[in-house]
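Starting off with a structure, shown below.
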Amino acid sequence: MTTSSNALLSLDHISLSFKGVNAITDISFAVRAGEICALIGPNGAGKSSLLNVINGVYQPQRGSVHFDGHAYRRMNPYHAAHSGIARTFQNIALFRRMSVLDNVLTGRNLHRRSTWLEQTLNVGRARSDETVQRSYAEVVIDALDLQRYRHTTVGTLPYGVQKRVELARALAAEPRLLLLDEPMAGMNADEKHVMAGYVLDANTQFGVTVVLIEHDIGVVMGLSDHVVVLDYGKKIADGAPAEVRSNPDVLAAYLGTRH
Amino acid sequence: MNFIDSFKRRGTVSRVAAAASLTLALTAAFLSTAQAAGEEYFPLQSYRVGPYAAGGSGFFGGFIDYMNLINKRDGGVNGVKLTWSECETEYVVEKGVECYERLKSGLNGAPAAATNPLSVGIAYATLDRSTADKIPLITINHGRTDSTDGAVFPYVFPLQLNPYSEVSAIVNYIGQQSGGLNQLKGKKIVVLYHGSPYGRETIPVLDALAKKYGFELTQIEVPHPGNEQGSQWLTIHRINPDWVILRGWGVMNPVALKSAQKVGFPANHIIGNIWSNSEEDARPAGDAAKGFISITTHPSGTDFPVIQAINQYVIKPGNGNLKDPARFGTVYYNLGVVNGILNVEALRVAQAKFGNKPLTGEQVRWGFEHLNLDDARLRQLGAYGLVQPLKLSCADHEGGGAVRFQQWDGQQWKVISGWVQADRALLRPIIEKSANAYAREKGITPRDCSKDI
Amino acid sequence: MSSPDTTLSAPRTFKPYPQQRPLLKVWLAAVLVLIAFVVVPVFGNDYWLNAILIPFLVLSLAGLGLNLVTGYAGQLSLGSAAFMSVGAYATYNLLVRVPALPLAVDLLLGGLISAVVGALFGLPSLRIKGFYLIVSTLAAQFFVEWIFTRVSWFSNDDTSGVLSAPRLTAFGWKIDTPAARYLFVLGVTSVLFILAARLVRSELGRRWMAVRDMDTAARVIGIPIGRTKLLAFALSSFVTGIAGALWAFAYLGTVEPHGFDLNLSFQVLFIIIIGGMSSIGGNFLGAAFIVLLPILLSNAAGALATVGIEAGQLQNLQKILFGTLIIVFLIKEPDGLARLVQTVRNRLRDWPLRA
Amino acid sequence: MGFFLEVLVGGLLAGVMYSMVAIGFVLIYKASGVFNFAQGSMVLFGALTYVSLVERHVKPVLAFGVTLGALVLIALLIGRLVLRPLVSRPPIVLFMATLGLSFILEGAAQLFWGAQVHGLDLGIDDKPLNVGGIMISQFDIFAAATAGVLVIGLSLLTNRTRLGLSLRAVADDPLAALAIGVRLPRVWAIVWALAGFVSLVAGLLWGARLGVQFSLSLVVLKALPVLIIGGFSSIGGAIVGGLLIGASEKLAEVYVGSLLGGGIENWFPYLLAMLFLLARPVGLFGEPAVERV
């Protein structure tokens, strides 16, 4: 598959299997810079696996990932982060015993210019660096309305807020690509609506390209520019929300007529 | 202290600490010295719990009982009553230091005469302090060999027997057994030592002796605490030596005897040193210990007049210090008594010079340095045969340097030899060399022992 | 990326170091400094200085060291004593072999050397997780103890491996009286505590806690796990090593390798459990506790003896007491005395409102 | 060659003794995921109690029973007062709790029975047998046999019985096990009681070798590397690990130690364990822990 000119991310015949069991079979698609792309499909369709492939938690057996023009055969989460890919997790992966602010600041670690020694002795670039990182953290905190939780220990926050903090930590890294694994899981309609708003802000205000996994078709259709539908590790549809909605295979997969 | 204040007002736990600071303030308060009551004070850094409790409780039991005897029978030393207080060290160095600092300034005005920690580690850690505070540090039968040189170590007294003399005496005994020192040539001797400063202290001098007498020497280290010696004894089994010298400590001793039995090495060719010579070292090994030989600076047993006196004046009236009366007259107990005798006699000598009143550590030090116990005096003390003749001087803080040999018959020790002398002339230069090295490192200018201080 | 930049161009105002309140208020701290540096050395007697305050400070420092690697970075270590001894022996050799160097430099280098050793024994942490790591640190404990007993070079060819403190002087100031030793220790301790307090609030401190709380997530946001862990071990051992040097020369004066045995490691561990994991001030509280409780008990010995509890049993009771406290703290107050103090202070602060 | 074999055999037999202590660990680890540092002090406590009773002219059998009773009681208390409040806390915390536990037990043991050294005679004399020119200690053989019986018994218990089943369930996931109706406290109690029994047997064997005294609790430090190598959750592993450690440490002490000046036994096993860990982080027989993102 040729990477379309303005594609930020493109997957090229990715196949992944655990001990012979295929999780993903020969999937290819591209994500254009600036768009919000949704991965949907029934449970076990391989959505999370796909995210894990993109930021290198898993190594695909076949196929390659192109990010920002470079092809990666072997990617690992650390390099993914450094090349501008941030993500959140299905079940929250925050630093529970740290404050919201500290969590967000860890997101800034890629942008630190001063060394730990400078910071400890408070010499050289330390001061200016601190100011910059701190201001940006504040920007994100404001954008996600987390001001009042700034110094609260994350572990003590309600689920919905934690989801938000995780998004904030990801955004703080100034990523080019943001992978969201079910950012609205376990939320009621209103909360979902609010969260969707933040995702949209991330996309427009911060200009981040987003790939997200979501079950709620309604939300997905409203939110995303581009939908990729998976079923049993295979891609069964890929396109604008409207056309995907009318795709018979998708209907089959969701209405379950095939099984 | 500041932090204590800072959490005085707070939580339950901190209340304890607050109380602590209070108590300490108090103790610190009345430790302010002022020559008062006619008493001489002996600070006791004793240890009655922990891995080495057996040694501590026996030794300090004997020491205390003897001081009791002096008070009860003689009304003190020339009218000066003896007083003491205990501070548990658990044989832990830091605790020993804390105890030293707590007790050093005397008790209710009675000045501290000398400290007797009976622990190499604590002795090392309080060595500089003792010198600075002018309080004699008595390390009977142990301690730093080169502290024998009183010119460099004015306040340290490795009484009776320092580690070098110990091994020298053992080698001499082996010589006797083989029919003369010249017979040592070609003999195989293994030294099994505890992997600690105490154990390693004698490595060089043993090498020297081996060179001098031409016996084959192998020195094998047992890692602390020494409760696993399989490999060491297999090696010994392979070497198949004529004698094994056991420089053990605590649990290492019974284990050594049992492991010897495992490889079929005869116990009556194992010679235990001064810290492998107690009932507590032999008995736990059961049959494996039968025939085990060890040195001692003082026989065990109760038939010495002084021990009898203790029995009459202290034990019988029910003031004995031992929890387990069966340990009366055992090696560690008698060592405590011997230690008591030496301390008291030193005090006596010092009083002869400074007058019959409570004396400072500095004055008692003079007493130790001029200690001179001949057989006549020992008979008067009822300690003839229990304590060896001892003459100390500015240059010689050890004195005796003789040991007797005893054998474990499965129940108790039986003395099997007279006094065997160490070759102190041979050792002296080595000691002085080491002492002078120490002096250089510390920037000490040795006293001139030719003129009496 | 446009909009955030515009916001940046008009930076908003905020406190540079927003933290949960430090353990002590500023004015209180000032008073304490005055007491610690002036009142105590002038009025404190030998016993307090030699037997309580100096070991208290040194142990606080050791606790701080362990707290960095265990409390903040979440890597359990049972080798504190080993790293202390490395610091002590390194400093000693510098003192006696390179007399030219000033004491401060010797300490610094001693710390650096033990930092290297610490990092070395921290290497397995790159592969081994959680408390499997105690093996590596125990290996350090026993190996170091052995090599210092065994290789007499380290102890300037003293066959028995014993160190004897040379006379200490810093910038022409002879450190020979208890008060002087106390001030010296206090000075070093204060400096290191201040630096550590800054360190744990720096990016590195945040990375440590991130690794502690969830290393997988830390990796995904681009934190170099390995480097972070090794730095934790290195810096921890740096502090611990200096503590060791002070322990040997400013406190005990003469030490043997077995002076730095497993028990000491445990003591240091207890300090941070009781004082408070990932708390800086907690180390002082923990150390004070560890130092004072035994002394309190043995002081009470006389009184209790009349009740029929003699000295020996007291030590056993103390062991039991310590063990119990460890467990109670782990269950009831995992954040130790530090948190206890914190909560009590908060209570006092908004007491009128609550009541 | 003969000597080499002698060292090897000696090492293997010593290893069995380490395994004895290690097995206690494994039992508890399987059941409660706790790395029980207090195992050593349980060994001390058991042996000391038994000896002290016997010295007070209690019949050995009775003494054994009473001691076992005491250990079981302790086990119950531990389960209720320590483990339950700490369930589902990080392993490090649990480990530290057992550190505290070991202090309590050591303190209590000496508080009740004093600190002096006791000899312990199990009536098996320790004269060496000469098997094909190799010295083998009767006592060690007896110890090995005992260990063998223990292992067989325990493996039957953990693999063939319902208890074993719930044991494994608890080991996998305490909370889940709780959910499917395993009575956690009961399982814990049983297992800790079993561990108490094992530690008592180990204590008697060790005590008979070393004399019963304080440093018995130090055997824990020998058992640790054994566990690392054998894996925390496998009784078979404990045995194999013990043999490995025992043999290699003795060979090392005799052949390498002599070059390094001896006394390397204290750290060599740990070095070995570390190398193992680096090669195989879960030990020979441990099941790898699955980690999900």
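Annotations for the structure displayed:
Chains: A, B, C and D, in written order; residue numbering restarts at 1 for each.
In the analysis below, a residue touches a chain if its C-beta (ideal position, glycine included) is under 8 Å from a C-beta of that chain, and two chains touch if they have at least 3 such contacts.
If you want to know which protein each chain is, UniProt gives these names: C = Branched-chain amino acid ABC transporter, permease protein.
Just so it is clear, the structure is predicted and the values come from calculations on it, not from any experiment.
Using the average of C-alpha coordinates as each chain's centre, A ends up farthest from chain B. Every chain gets a centre from its CA atoms, and the centre nearest the mean of all protein CA atoms is that of C.
More C-beta pairs touch across the B-C interface than across any other pair of chains.
Centre-to-centre spacing of chain A and chain B amounts to 73 Å, using the average Cα coordinate of each chain. If you average the Cα atoms of chain C and of chain D, the two centres end up 32 Å apart. Inter-chain spacing, taken between the CA centroids of chain B and chain D, is 37 Å.
Rounded to a whole number, the gap between the C-alpha centres of chain A and chain D is 48 angstrom. Residue positions of chain D with contacts to 2 or more other chains are 110, 115, 261, 263-264, 266, 293. Residue positions of chain B touching 2 or more other chains, listed in rising order: 48-50, 53, 57, 195, 221, 223-224.
For chain A, residues touching at least two other chains, in rising order: 57, 89, 93. Per the touch definition, chain C reaches chain B in the complex via residues 24, 28, 32, 35-36, 40, 44-48, 50-53, 55, 96, 146, 149-150, 156, 159-162, 164-167, 251-259, 263, 284-285, 288-289, 292-296, 298-302, 310-316, 325, 337, 340-341, 344-345. Touching chain C in their complex are the following residues of chain D: 35, 81-82, 85-86, 89-93, 95-97, 99-108, 110-111, 115, 221, 224-225, 228, 260-261, 263-264, 266-267, 270-271, 273-274, 277-278, 281, 291, 293.
By the touch criterion given at the top, residues 1-7, 9-11, 13-14, 16-17, 19-21, 23-24, 27-28, 31, 46, 48-50, 53, 57, 85-88, 90, 92-95, 97-102, 104-105, 120-121, 124-125, 127-129, 195-198, 200-201, 203-204, 221, 223-224, 438, 441-443 of chain B touch chain C in their complex.
Residues 55, 57, 77-78, 80-82, 86-87, 89, 93-99, 101-102, 105-107, 109-110, 112, 114, 116, 119-122, 130-136, 138-139, 150-151, 169-170, 173-174, 205-207 of chain A are the ones that touch chain C when the two sit in their complex.
By the touch criterion given at the top, residues 3, 6-7, 10-11, 14, 110, 114-121, 125-128, 135, 137, 139-140, 209-216, 218-219, 222, 249-250, 253-254, 257-258, 261-266 of chain D touch chain B in their complex.
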